[in-house]
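A quick write-up on the structure given underneath.
Chain nomenclature is as follows: A, B, C, D and E, assigned in order of appearance, with residue numbering initiated at 1 for each chain independently.
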Amino acid sequence: MADNYLEAYGKETSQDAGERTLKYFEDLFSMEMPLSRMMKMMPGMVKFMMSSKDTREDLFKFMPQMTPMIKQAVTGK
Amino acid sequence: MSKKTLVIGGGIAGITAAQKIAQNGGDVILIEKEDALGGNFAKLTYTFPVLGDAKALVSQEVQKVQTTPSIEILTNTTLTACQGSVGDFSVELKTLSGTRQEIVGAIIVAAGFHYMEPTAYTEYSYGRSPKVVTSLEFEKMAAENRLPQGNVRVVFVHCVGSRDKAKGYVYCSKICCSYSAKHAIMMKKANPQSKSYVFYIDIRALGKGYEEFIRSAMEEHNVRYIRGRVAKVLESEGKLLVRAEDSLMGNPVEVEADLVVLASAMEPPVGSRDLAAMLGIATDEYGFFQDVESNVRPCHSSKPGIFLAGSCTQPMEIASAVAMGGLSASEALAVTR
Amino acid sequence: MPRLDKVAQIPKPDKIFVFKSCVASNKYPGIEACSSDSLRILGIEPVDSDEQTCCGGFVTFANVAAPTASMPAVARNLSLAEEKGLDTCVVCNGCWTFLNEFGHFMNHNAEVKASVNMMLNMMGKEYKGTGSVYHIAEMYYRLKEELAENVKRPLKGIKVATHYGCHYLGGGKYTAIDDAQMPSYLEEIIEILGGEVVPYTANRECCGTGFTQVINGKDLSLEHTKTKLDSVKEADPDILVVQCPYCHSQLDRIQQQFNYRDEGDFQTPILHIAQLVGMGLGLDVAKLGFAAHVSGRARLENVLDRIGR
Amino acid sequence: MLEQVKDWDDDFYERWKPIAMGFVNEAERCLQCGKCTGQCPAAAVTPGYNPRKLIRDLVDGNIKRILSSVELWQCFFCSGCYSTCPMDINFPFFIFMLRLGAMNEGYGWEDVKQLEAYAEKDYLKDGITVSIRERNPFVVDTVGDIGKIREAAGLPTKRVVSKRGVAEINMISDLSGMTSFMKKIGGVDLLDCNTCDDAQARRCKTKPLPSKVGKITTKTRFYNYGEPSGGKTNAKT
Amino acid sequence: MRLRIHENGIRTIVEESIQKSLTACLQCSKCGGGCAHVDEFDLSPRQVIEYLLDCLDEQVLDSRTIWLCGKNCTECEVICPVGLPLNGIMVTLREEATRRGVEPKYEQPSLIYHKFEHCSKHRREGEEG
């Protein structure tokens, strides 16, 4: 917490802080699925798949739904 | 073509309309659903902005109407049916002694207004504590001088029901700022030891002499005006804890009060929608009667020949109600002569 | 006064999915035991599953989990009830508000629902948004008649004060069964059980937990709880009824902290509405779980003796 | 150093509303009437905390002051302001979203550290945020073992969430980036009276308790070691 | 903090000394706007009046404003729409503070202020420098 927020931010104006915050919220709430985000999700899915047999079946059942998204993410169409 | 005009509602607007028509040779049927004329004006003891004696003014006006021969006054009467168009409306009136058919040239609706019952405002413990009253009850207490004696603190709360999307009406009721100041001064006159507090958001003094009147409450009668809307009124051992924020300072404050007066919203009269349906005229989304063009043709309802007067169209003070009564009278005369 | 139209919308199902609250399971098991047994007595078969995790409201509003992280968790919990075609009954204000808010949010936001369902499909689950969430106090108020018939141990002469908790009435401004400022459905349930209602000034004040304030800003939270408990002490009820285990734990434990810090002698036992109803319906004393209570234990035993074990 | 209105970001709120997808709404309708602060329990005890001012700053666009303010972390989250607000402004949602923004600026991490421990060690470990850990020695003396009380009440000794359930919420947490976020924040380790040595127990029992309630100058935390969050220095202004 | 509003704070002393009710204050903060030294004060003149009315007596008495302001610079009195004698109020508060033994706080403010300080013509009779 800044004791005096004017000193804490120095030269920066509220516009820059606002810009930064908006960009943070944009990629926090963004709905699209770029390749980078999909890569970040891979370890989680692998860990889930390894955890037990029936989770592996569920993930395989999900795969047909996943392929169009991967294609769209890779080709970026 | 009938030369008669029907005036619905015996409040100050209706009385003025009837007088003006009678003075110009028209004849009027004035119907009032209560058993006495005067409407809301009769319930007051003082008027603002000059603390005039309301009782004398009302009785003088009512007495004038009662003595003019060409005005036929029917109390305890309501309208039950209305057909026809401008020039000859056939109206059916239900009086104590049965129904009456009349043919009238024009109709003036002056149904007045109704103070909203703030039962939805449980945060002010209205209905739970007898010490939380509406402004109307405060008027009655002042009339029967049952106001609390001794060094008591009285809190007046603005905007109860108005300017409130969640539980009330979004519009502003225009006169609460003025009559709360009037109540504060009446309280000080009745009990000089008492301390008055008024919680306001903004002071809206919208008439000649209103600002001076409210300023006199602040300066001469040292009524303490705190900017902030009252958030809670709690009962604790006989006292009322009024909690709000002094938003000019940013601190929450608490006042221990003996009486809390809520300035409740002015809403359309009870049954205004079915009266409008019966007459075939439009109402706005709150139930006030809708005028055609509020700037240039304020008195005209959506149906030609039917005119509106007084606070049944929008919250207004007595002066505007009288002015609108006169205007609708001249409109009616133009039609019936 | 309770909004009777809202109360009428609550169905009287024959089975309902009982949502276990973390604080109730691990700190006051009496709430969990009494809620399912009392529902069974009132004719509703409680169904629960150990797949159901914490609602995630605490970690979300404590800003550890972003809404995008906790919305799938809420959908997952709600889909457990939807698979069995049941509505959900929660015992905690926080769970109620959180499940309702995010459920309502997903139902009105198709793309969010689609992305949440994408995540849930990975686990073979799917959130349709058909089930609705009810608070146990709402169910008791809805089953007033059955409650009146089944009272075995009327609480004659027991002075009971109420504390409604903020999240249910605050968060559910338009969806709760009573208005936020002067609720009275708990009072009616107490009268049905035969107890005597005790009003006190700070009835609608917050219990002082401040959701995470008791961890981060403990002095402010204690300050507020002290004003609350002083006002309760003035009215001196035999029991203070709450409807949220988090308020329960705060009011219960902080009284003990005040006592040995000689800040005053607070001995008011705190009971959850499920425990009070369980007591009224005659559940045996072990099920009420009074052993887990921290303060006012002697007075609780005295109350039990007065109404018969 | 006076505040410059020209460096306010006045369309921040307008551009923020579509992004936050309905979590933040209607702040522009605020009447500034002060009803929320009037009934706010936090404003009644905390000097300088005022929800109305926060909404004022947000709509004005004084983002620097909000994100670096200590008031953002003093809200009690009781949504009493939402229930009395004449314009239905859901203030707790604003606080919740602004706190996310403040953490992105690096503020408030000390406060969240305390809670991150609960999420990491309880929520993601065995699916229940509030575990049997008890960090108050006096409560442990009066209550004893919760497992026995659960058995007496006819419940299983320990509430267990199925392994499948725990795996699922861990996956949700990984997919949505919550795990990486928690790793960035880091956490404190939780004290547990049942498994702690008696040296710490003696220290806990003899630790000076927070100052007498009524003076907001407390520095020490009740049972956990470690300095409270940096924000307290502003509490006294 | 939640303040309890009552009437027996030092407000009554101030009102007796200036023979005018403090409730007349419109809280329009024109005085704060007009004052040349307001950035040195911790309370603007308007806030001093509001603190008195809100019974925050201690904060008013140990504020810097009552010591720095009121030394015969009447900029705020002139433009006050209600004509409140702010100088008189500050003088009374200063007397009350010395009576209660609150040590004065007036590290030297900006140079503008000095001009009034030394110019004897502006100083009122009976008031020390």
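We take it that a contact is a pair of C-beta atoms (placed from the backbone, for glycine too) under 8 Å apart; a residue touches a chain by one contact, two chains touch by 3 or more.
It should be emphasised that the depicted structure is a prediction, and the values quoted were computed from it without experimental measurement.
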Intersection of the contact lists for chain B and chain D: C, E
Lowest number of touching-chain links that must be crossed from chain A to chain B: 2
Most heavily contacting chain pair (counted by C-beta pairs in contact): C-D
Farthest chain (mean CA position) relative to chain E: A
Distance between the centres, which are taken as Cα means, of chain E and chain D, whole angstrom: 41
Approximate Å spacing (C-alpha centroids) for the pair chain A, chain E: 57
Rounded Å distance between chain A and chain D, as computed from the means of their C-alpha atoms: 23
Between chain C and chain E, centroid-to-centroid distance (C-alpha), Å: 53
Per-residue overlap in chain D, given as positions that touch at least 2 other chains: 21, 43-46, 73, 84, 88, 100, 108, 164, 168, 171, 173, 175, 177, 229
Junction residues of chain C, two or more chains touched: 66-68, 112, 122-123, 173, 180-181
Per-residue multi-chain contacts in chain A, two or more chains: 28-29, 45, 48, 55
Chains touching one another, given as label pairs in label order: A-C, A-D, B-C, B-D, B-E, C-D, D-E
Chain C - residues contacting chain A, complex: 66-68, 111-112, 115, 118, 121-124
Residue ranges of chain E touching chain B (in the complex, touch as defined): 1-7, 20-24, 26-27, 46-47, 50-51, 53-54, 56, 82
Interfacial residue positions of chain A with respect to chain D in the complex: 1-9, 12-15, 17-22, 24-26, 28-29, 40-41, 43-45, 47-48, 51-52, 54-55
Touching residues (chain side chain D, partner chain A) in the complex: 1, 3-4, 7-9, 12, 15-16, 19-21, 61-65, 67-70, 73, 97, 100-101, 104-105, 107-108, 163-164, 167-168, 170-171, 173-175, 177, 179-180, 229-231, 233-234
Residue ranges of chain A touching chain C (in the complex, touch as defined): 28-29, 31, 45, 48, 55, 57-59, 61-62, 65
